Amino acid sequence: MNKLPIHYFLSLVIAVFGVVYSQQSAAESSTPNPSVTLAELSEPLVGANLRKMPALVERLELEAGTTALPVLEALLAGELYYQRSDKRLVRAVSQTEGGFQISDVFSTDALGSVAKKQIRKVKLNNALRVQLRAAIGRLTLLSDDPKLRLTAIENMLKKPDQANLELLQQARAQETDSDIVDLLNEALALNLLIAATDRQPRLQALRELEGSLQPAVRNALQALVALDADAQPLEQDIVVFTSASRLLDKIDGKLGFYAFLETLFFGLSLGSVLLLIATGLAITFGVMGVINMAHGELIMLGAYTTYVVQLLMPNHIEYSLLVAVPAAFLVSGLVGILIERSVIRFLHGRPLETLLATFGVSLILQQAVRSIFSPLNRQVATPEWMSGSLEINSIFSLTYNRLYVFLFALLVFVLLQLILKRTTLGLNVRAVSQNRSMAKAMGVKTDWVDAMTFGLGSGVAGLAGVALSQLTNVGPNLGQAYIIDSFMVVVFGGVGNLWGTLVAGLSLGVFTKFLEPATGAVMAKILVLVFIVLFIQKRPRGLFPQQGRAAE
Amino acid sequence: MISIEGVNQFYGSTQTLWDLDLEVAEGSITCIMGRNGVGKTTLLKCLMGLLPIKSGSLRVGDTDFARLPAVARPRSGVAYVPQGRDVFPLLTVEENLRIGLGSRRDKIREIPQQVFELFPVLNDMLSRRGGDLSGGQQQQLAIGRALVLDPQVLILDEPNEGIQPNIVRQIGDVVLKLNKEQGLTVILVEQKLAFARRVGQEFRLMEKGRVVASGNMDLLSDELVNRHLAV
Amino acid sequence: MTAVGAIGSDYAALPGVADRAKELRQGARVFLFILFAITTLAAVGNLLFEPDSVFHVSTYTITLLGKYLCYGLLALAVDVVWGYCGILSLGHGAFFALGGYAMGMYLMRQIGDRGVYGNPELPDFMVFLDWEELPWYWLGFDQFWLALIMVALVPGLLAFGFGYLAFRSRVVGVYLSIMTQALTFALMLAFFLNELGFGGNNGLTDFKEILGYDLQKDSTRVALLMLSALALGAGYTVSLWIMQSKLGRIIRAVRDDETRTRFIGFRTEHYKIWLFVYSAVLAGIAGALYVPQVGIINPGEFSPLNSIEAVVWVAVGGRGTLYGAVLGAVLVNYAKTRFTAVWPEAWLFALGALFVGVTVFLPDGIVGWVKARWLQVKGQAS
Amino acid sequence: ADTIKVGVLHSLSGTMAISETTLKDTVLMMIEDQNKKGGLLGKKLEPVVVDPASNWPLFAEKTRELLSQEEVDVIFGCWTSVSRKSVLPVIEELNGLLFYPVQYEGEESSKNVFYTGAAPNQQAIPAVDYLMNELDVKRWVLAGTDYVYPRTTNKVLEAYLKAKGVADKDIMINYTPFGHSDWQSIVADVKKFGSEGKKTAVVSTINGDANVPFYKELGNQGISAEDIPVVAFSVGEEELSGIDTKPLVGHLAAWNYFQSVESDENDEFIAKWKKYIKDDKRVTNDPMEATYIGFNMWVAAVEKAGTTDVDAVEQAMIGITTPNLTGGTAVMNRNHHLSKPVLIGEIQADGQFEVVSETMGVVPGDAWSDYLPGSKDIVADWVTPIRCGNFNAKTAKCSGQNM
Amino acid sequence: MSLSEDFRQSMPRDQLWPFLIEKQPPAVDASKNILLYVEGLSVSFDGFKALNDLNLYINDGELRCLIGANGAGKTTLMDVITGKTRADSGQVWFGQTLDLFDRDEAEIAALGIGRKFQKPSVFEAQTVFTNLELAMKVNKSIFYGLLSRLGSAELDRIAHVLETIGLQGQESMLAGALSHGQKQWLEIGMLLIADPRLMLVDEPVAGMTPQETERTAELLTSLAGERTVVVVEHDMEFVRSIARTVTVLHQGAVLAEGSMQEVQNNPEVIEVYLGEGH
């Protein structure tokens, strides 16, 4: 690769063009005006109405420069307030026990806490946030913190703006961090591509942008290859046009590839949710034969347990899930055991009747939750480490919550397999479900086995609840939303076969997600259901059927 | 060793066992005989706790079986081979055999080699599902499964049903051998006279839910057979 | 309720075959008598007595009764396949809803230009969503006879198609149950789609009249109630006749051991398909009678939970006894009506407890329990 | 009777209990309050609460029960449009009175119903105007749950946007089923749609439970309000109380009321509510305000008419004014819809909204949308001589009334 | 032609519409005196060969005993003949003309092949009487089932069979309440009343008393001639008392065939099946 020479050339070209294009921005370049103090510049913020704010912020940026950063950042964070009494600007952070902790914006001196009534927020809206972020970006482009610089450039790359050109060049000249240099070059090339009119620099820019997946780059290229009403290229320079369209094709090819990966990930992640909600049922229903309509509510209990755990440890949200996992397992498991001991055990040999009884149980559990926790959804916080996404590149990223849920589902599955395979419980429960009285005659403690197994299945349902609390509502209807799907997965996989549940869950997830773009969410779901119905005609006992003489 | 006194049993409102008394001596092989439907199987199920009894007492050794929950009975050394085999159809042969291991009193958690020596076919089919076996193979599995418990008392309900002749012989030999070598007490429900005579030491004849005749096998006369077993 | 014709599955010896047939006939008479006595009394009470008379029966009661009877017919349909043939359908609500939609479409077309947009051709929701013309599958629904045919034909065809596939492929047990659930779930999602032309979530509503009779008139309501009673009575009689015939015994044989039945020469899948279709048609008729009485049909009726509830009614009443199913439907729904008014905040506890209690303590449903009591009393008497 | 019975017809179980239970409590609070003030016409108010259990036919049954068995004088109830549609024939047949407190799709005006929630012109249009003018939005995603309210709203908006010169390719419409919980693909699509260079916004008519997973997915896929703002018409304080709002700061909602609005009436109302419900964390929301207004108007109308007779109260209602909670005055118009202010709020980290825009004065609710071809000629006017909920101004005919 | 003429023609009084005419099962052609051909039959389960290139011919009217070690494939053979199990290769013909592989269980049963299962299987929730009624050889179509009433001839037949199987007086008992042996009898009764051309009887005397065994032997012998009977049994005494031709299966194939005398003395048979002392 002859990347280096190109870089040099590029810098040169940019330098030349830069002069032309940065003239007006150079004029208003950020040399702070020392005659006006920051405090004075900030003063009009107090009580300003939203329409006036943009001008005030612009003035702050231009006249106070980097010294305005604390004010701008506080404003952006929505923490800029003023005291009603003396109109003094403060930074206010709300406290969990009510009221606000305030500090001076300029000196950061703590000023104690105040009631909400005593302070008033400096108005802020979306448009202003955009402006603030751009301003802060410009001001931090030359900051010492590489992270800040990186964010600033990324921001500028998202919204190419000729006004930033000179700043970028300046940064390019100083930058040493090679990752940031790459990004800077990308940003510069993009700006160049948009601004330049001659063939050479444009081709250079195109070459430099090779391999870039930035949406802004693609947008610029698309503008370049746009056709007019007669399907003739708008672009006059045919060489630029063809190399731009070649580059665009290349980018689109990559995009297609990543779109595929993304859909696959979405599918697996939906599949892992299906797997999680079905795993518990694969035990209570698949192995024990209890048509457990309360399965959804056991999931719900797991989710509420997560909520309660967070209530109990409000200052340790980061660890709350680690506590919630065993807690939910226990809570749902114990409730499961209770259900088994008080209801299910009277229904041995009457599997269909378990449907009726557990349906009753599900109504009771739902209403119990409604009575205890109110019918409203409860707020379950997402720990920092579960928020956001793992960026693979600028167009492909994996959201952390989904990623963790996926791993969690696999983990639960593996653990369960181990329990069922490595302990006698797995063997005993199958024996009991196949011939209860003979199992008794062989000394299997059928009561204990029933209780433990049902408890295990219910506990796993609780685990699913913890995961769902990170993805969706925690409310009394949670269970209802998932019960049909979980039965579908277990049956599709083949009742009594845990591997079947795994394959069924994941494949249904992937199948749905590949259908969805073409058909829309509703139709995809309908098609999946129709597919399952037809599939069962071909394989009347699911993907992994129980075979042999006895299964008939 | 086993004493059953005054047992009454009902299916719903129909009485099947009527004040039934029965004694089995320790280390003996006792053969229970009777026409179809007289309650042989019912009696054995009551003994194993698989059916509730209305009244009466069941004692095995010093234990009051009537008070013992069904699951604890195998633990006190009683193993049962039910009529109709009742193997676990979807468990493999090996799993079928392992089921009883938890109830062994000596805490050995290995399938005793003896089982495979007696029924080599089981060794060949360890990973086949119980339900897939042929009828005779299932019967062998059921007996093998009972032996895994290392019992003191073995209860066999028509163990030769559907078994090929040479294995029937062999089962007879096994029973005799276990009885002789390990002092195993055996209760055997059997319809086939030849086998009963060969293996049994004592006989009990049942009719309509009662024991109507009993004694040493030598005393089982043709007259008795005709009276109580003929249709 | 003294009818004791249950074909229970208990192993107690039963009286002779002839006795049982007589008993069944007696039970049927008692059932039909009670059914028609109640509806006739209600009708007379509503139409002939002034509101302030003690004999007056309110229109509220009439519509409630009508609704219960439709549910009763649905329960009967479920019982026919589940109680007698072991086909646990968790999707019978679909047939009910389809029958309902067919009737709803007729009623929609009867609105004519009295809709809010005054369009004589298109129902309001179509005008509203810019439909240019009536979709083909709506054509002819202004004819009552066609709607009537569709009420039976659509559920019947769906049941036939589904049954043909499933029963021939020998899909049985929970697999079948869950597939019926998938079926109704898919239909629910489909009917929610506004593009489908059935009014989406709002469904069909704002009906004005049926065959020219004002739906809000008491006399029309009473007539609908009587019709429901007739349909239920007829459905009951025909089902009873089927179940008492040799066909009924074959159906029960299929329930108990399908493979064995096949080995004595019965094409069990034919029997199952036939029965499934019959049952679906019953459910469709129930739905068709239900819609004009409650005044709305929407995709919620396809909800799998509704179908499960129908199964629960049957179980509560007593599975495998036709009148038990009806009784279960009426009782559970009456309980629902009362509970939602008396304990609006906690009625689910009561209903849930009812379901649990019945299953655990009354394994053969209310009817089975009453029957056992009756036998006990009779036994003590003699 | 020695009491005046007030029917409360809100689902306390089933899928809608989440939203409706609050309204039941609100009505009960208002009744208690009114009784403390001495009742109405010298009689005590007596609430009759039933649970229609989110089941639409049950709504009709319960309405009949309330009107003909309990003989209530007025009903406060319903949330979803389909429940209202189900109740409507019964209400009209038995000449009852229903106050409906939720924003809805319009296209209806019944003599027996008063609509105190927003019509589409009182929510959607001002919100879009705001996005267009203040945030310079050029591309639009109209995302909704597939039922009538979103369909209508989106139809109205589509027509409106096109009239403003927005091209077809700059509008993306997406419908999802109720309770949709897997938003990965859709959010990814929105993200792509929004990355094509033009400022993009999402107009969300996503209903109820589907919102939490939607916003979570937005947050996790890194779409902030600055990139692609979402303006919602069905997300209020109560919905937000179930979500961790920190990643959502800056997303918008359009309502006629926010808890954060400062006014004396609102302060008093909030305080009363928290005391009544015995929970200091409980929030208030727009449908509660609509219930509040509806209840107060009804009280005023009964006092004015001197009776609870439905016909008299109905006529008395028209033109009644009561203070709303945002410092203004609500007026009941001749079409049975209210005049209301429209507020645009931004979500704050504490789960509240901060008002960023407000219409000048109040907007009268439009029963029949001017943007739909089928209904632009229709007006509702319940004053003589027209006395019709859907009067076609062109043909001068009144259609579709159940009476 | 007038419309009414058309109508009249479509409504003939002297004949039924074609769709009302019940499809008669095709007649069995046993003119070569062989009723059942089993040729080159192989069945395997997960690689295990239960039947291995088996050839077997059953003569019309014959009583054939089939013996062989547990697991030799006897029940599997019956499963294949009755359509329960699909074979991997080979063919099974019923008479000259009927290929059984084209047909499902119900069709095969309708052709006149009846079966008694190794594990007694009766309809436990129905009465003894109904069990017999169901098994009776009659039209098995749905509408027949709906409309048919038992005639006196049929009642007589049921009574007769009840007597034969010793369950008279217990006809209204639920079959599930019968003892094991009684169920065996009931199943034999179901087989009798179905009046099949070919009876496959799997271990009929298991669990029976010696006297009952004798009675069963008599019954089966009396049936042969008119019907063809294939009996599987392990009770050698019983086999000896009825046997004319005995076929010995071993590991899925025929090991020996001949009279009881011959088979009994065949060293291989003794080795794998009979053991010493028989």
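As written, the chain order gives the labels A, B, C, D and E, with residue 1 at the start of each chain.
Following the convention adopted for this analysis, a residue touches a chain if its C-beta (ideal position, glycine included) is under 8 Å from a C-beta of that chain, and two chains touch if they have at least 3 such contacts.
As the structure is a computational prediction, the values presented were derived from the model and not from experiment.
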item: Fewest hops from subunit A to subunit C - one hop per pair of touching chains; value: 1
item: Distance-maximising chain from subunit C - centres being C-alpha averages; value: B
item: Nearest-to-centre chain - CA centroid comparison; value: C
item: Distance between the centres, which are taken as Cα means, of subunit E and subunit A, whole angstrom; value: 65
item: Euclidean distance of C-alpha centroids - subunit A vs subunit D, Å; value: 30
item: Rounded Å distance, subunit C centre to subunit E centre (Cα mean); value: 42
item: Where subunit C touches two or more other chains, by residue; value: 11-13, 189, 192-193, 259, 345, 348
item: In subunit A, residues with contacts to at least two other chains; value: 366-367, 480, 522, 525, 548
item: Multi-chain contact sites of subunit B, meaning residues that touch two or more partners; value: 11, 14, 132
item: Sites on subunit A touched by subunit D in the complex; value: 50, 78, 94, 121, 123-127, 129-130, 133, 215-216, 219, 222-223, 262-263, 266, 269-270, 273, 366-367, 370, 374-382, 387-389, 397, 399-402, 470-477, 480-481, 513, 516-517, 520-522, 525
item: Residues of subunit C defined as touching subunit E within the complex; value: 9, 11-17, 242, 245-247, 249-250, 252-253, 255-257, 259-268, 270-271, 274
item: Residue ranges of subunit D touching subunit A (in the complex, touch as defined); value: 12-15, 17-18, 21-22, 134-136, 146, 174-177, 179-182, 184-186, 188-189, 195-197, 209, 212-213, 216-217, 219-222, 225-226, 229, 238-239, 241-244, 247, 249-250, 252, 346, 348-350, 354, 356
item: Subunit E residues within the subunit C interface of the complex; value: 82, 84, 104-107, 109-110, 114-115, 117, 121-127, 129-130, 133-135, 140, 142, 144-148, 150, 171-174, 176-177, 190, 194
item: Touch list for subunit C against partner subunit A, complex; value: 88, 162, 165-166, 169-172, 174-175, 178-179, 181-183, 185-186, 189-190, 192-193, 259, 304-305, 308-309, 311-312, 315-316, 345-346, 348-349, 351-360, 363
